[in-house]
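Comments concern the structure below.
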């Protein structure tokens, strides 16, 4: 056995995230997320308007996906890029959630926004850029919502799990880990999807593990095979970016599936409603 | 669509490896390798003795794997590590091949050994360290055996396909591409298995694509899920390292499956004979 | 000319950070930091006690270094590692600063601590883990202190400069860029010091560029040559970790220089007071 | 002290390359290469014609550089790129060497060409793609010429030194190590120049260490500062690509210095003849 893997397993087994006691399953609406179930999350990168979100959410619900994803606060590399609709985006999320009775996952960038985000989000997302924003992680200890924690763009698995440990140690055991691609040297893909991370995380923790093949690859043509591969590697869920007209999206349109491709993906996954 | 992916597809489409004309299927014994079939290759890292190879080959054959892998010439990072049995290894391979009637894949390190390797190998392997040993690649143009070309440890997909192009351009169209993990920053795994490479290669070339999860991960515990994931991502075959007693192997014992784990893997793959 | 470099230069030239108008020099005590001067920053990783900081600060001052570095808030990979003395650390920094009349650089992790950090810091450090904590960056726009922004552990130069642009765009033009090593695959060093980044940054921006060879390499034996090399590559300053007894340090003791090695470094740099 | 560095030093100290006995200095013409001297190598990427080589060699000699570099056999990523003039290139090298009495360094790709390359080369270069072509390395044991071994594009320092050990173990102790940039994720530079590698290699081996800032960066604008930084980090020599008209070069023209920039570089280095 590989000695680096043995010492890694040993280190993790002493942490809360490595406990052999299974955490309580996470209930979202009438769907249960745990280390055995498979969850489908879909939606646009960002909330752009009531109409855009409503039509996408209807599609998401119609195809049997469990959770709607959409960002009101967007972390963007450039200060001049679209930064999300903010409070207005949250209010659109609230309206669509109530109209369609669909659970919501949305990103938190700043602990000062936590009260507002927590009012609408069923699951709060911490993005890869904030995986080691330890102040933000600590602020999540006493809320009742589950946290979806994305892996940092070049985080080791140990760093990823220790970031999750910050949240557990602060008092919130409902953490979902999400692999979303790591930095690599080949620019053909946006990031490098690390599916062995999924298989290894399943060996050392009972936390559910999701995969985001949209951000990981940036290439719509391979999202379907990589989604199936993620499930085969042991993932408990996938997050897919879809948009009614990807070419008009205000952010990440290159990688969003249109509705037809989303239909095909659902069929491939054998999850058709 | 991602512009880097578009320009990559465009570049490859102009090469022999990107031709839309399907290459002739590769016939090995009574098994056909092509861009639709799934092939299971298994065996020890290195030929260590007649007994070790024979008992492993019997297991490989019994479980329905199509091809036996084993190295007579081993490229080793240190000059003081076991370098393989050389000619003696080739002769053991020859004997076991004849006794069990099983096709053989073995590595070529030096074009001066080509006549001897070609006498026993049904498929000739070029390892990742030699992916850009262009003299060696050119020497493979006029032999009739198919070539399994492993991806260099930090090769881009373009560099990988251009290395294959060297072989096609020299006159040998029977090339199998093999993803075997790339260099990464997390030492928990030996290398980083890049399954999105498989999905992308399937988009741009008709060459069959194999995956070597043993070298890629170095962790027996995750070889089964990663093998299934490789198949889901579109791989046309996998290469697995097995050994009758991994803890006594002369090379790469850490990652070899023992026979029981190999049985489990076969069951997981749904390939049981 | 390399086309990727040309398009990078072109993109940066359109930003505030790429303006050909020279920013006002940064005055810290009676020392001026600008794109021509060379600044020496030294001190312990963390404030551990009044005695530890005082004795180190005296050494720093005696050897002619311009600024004392020490963290009161420490971003640590594990929640169970020493997290810094917090407010108590700030108050020790305040006391030592007044007693020795030496400028202070210290890290800010959370915008809620900004008023307290700003009371003692002459320069506020944003660490590599927070390089893309855009909320934190935006909060720095209206304070009068300069910001030392460390490069994220796998940030591209474009991402690094766009992070600086967030601060400039928010209204604070006094930004110092700091290269501190990037993630790599060879664990012999802690990170990989990228000195070509320094030379390139000097081509595209007037912001001063510092280098932190202590965090970058993690190896005291090579901090002196890498400091000189940093200066040769065009750096405007270096940050060095020193500790009265590195083996007893509460954080990062492995890489801290003891006082004798610091003396040698000063001699090598030709900066001896 | 960093434990990974300690165990690395310990491992190397047991090898021939780690011996504390200083190897004999390498004599090339009337210039001595050893772990204390500084050597300047310059020339075009490839021999293109007698005229191109002659005019460049005259410049190289006039500016006091010690060795002329130029490739007759070029390892190229694509089979359709210019592959070098081969035997004709060797014969041009021979002629210019005799006319100008300047030592030559040129690359060997295939051990079958060794007799011909050895006839003209004062130093034989093994390129980064062949760093782990162990057959080729072993073939260098019994020739009298020194070998310049380039670091593989993602080789760890241990792998690099073990590759050198292959040559020493085969009987040739005259090895020069050459850092030429490693693979990274930022495409602004061609590769990532790792100067900390130089400082570390100088700690563990007596072999001379050179740096190739031309291939490492691919950006003429930063070759001068990176050359000086290389010297500051402890390098014993640098290799620079120059061309009478870079925009017309048959290979790597983007990164070649023209003669004026070469003059400036020489001045910066303080090596002016």
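Order of writing sets the labels: A, B, C and D. Residues in every chain begin at 1.
The rule we apply is simple: contacts are C-beta pairs under 8 Å (C-beta built on N, C-alpha and C of every residue); 3 or more make two chains touch, one makes a residue touch a chain.
As the structure is a computational prediction, the values presented were derived from the model and not from experiment.
**Q** Could you see whether C-D or B-C has the larger number of C-beta contact pairs?
**A** C-D
**Q** With chain centres taken as the means of their Cα atoms, state the distance from subunit B to subunit D in Å.
**A** 33
**Q** Suppose each chain is reduced to the average of its Cα coordinates; what separation in Å results between subunit C and subunit D?
**A** The separation of the two C-alpha centroids amounts to 34 Å.
**Q** Per the centroid of Cα atoms for each chain, what is the distance between subunit B and subunit C, given in Å?
**A** Each chain's C-alpha centroid was found; their separation is 47 Å.
**Q** Quick check on subunit B: which residues sit in contact with 2+ other chains?
**A** Those would be 154, 158, 183-185, 187.
**Q** Which label fits the chain touch graph of this model best, line, ring, star, complete or other?
**A** The chain contacts form a complete graph, every chain touching every other.
**Q** Show me the residue ranges of subunit C that touch subunit D in the complex, using the header's touch definition.
**A** Per the touch definition, subunit C meets subunit D at residues 1-2, 4-5, 8, 154, 156-158, 182, 184-190, 192-196, 198-200, 202-203, 216-222, 225-226, 228-234, 254-255.
**Q** Note which residues of subunit D are touching subunit A in the complex, please.
**A** The touching residues are 183-185, 187.
**Q** Help me check something: in the complex, which residues belonging to subunit A touch subunit C?
**A** 75-80, 109-112, 129-130, 132-136, 153-154, 158-159, 162, 165-166, 169-170, 183
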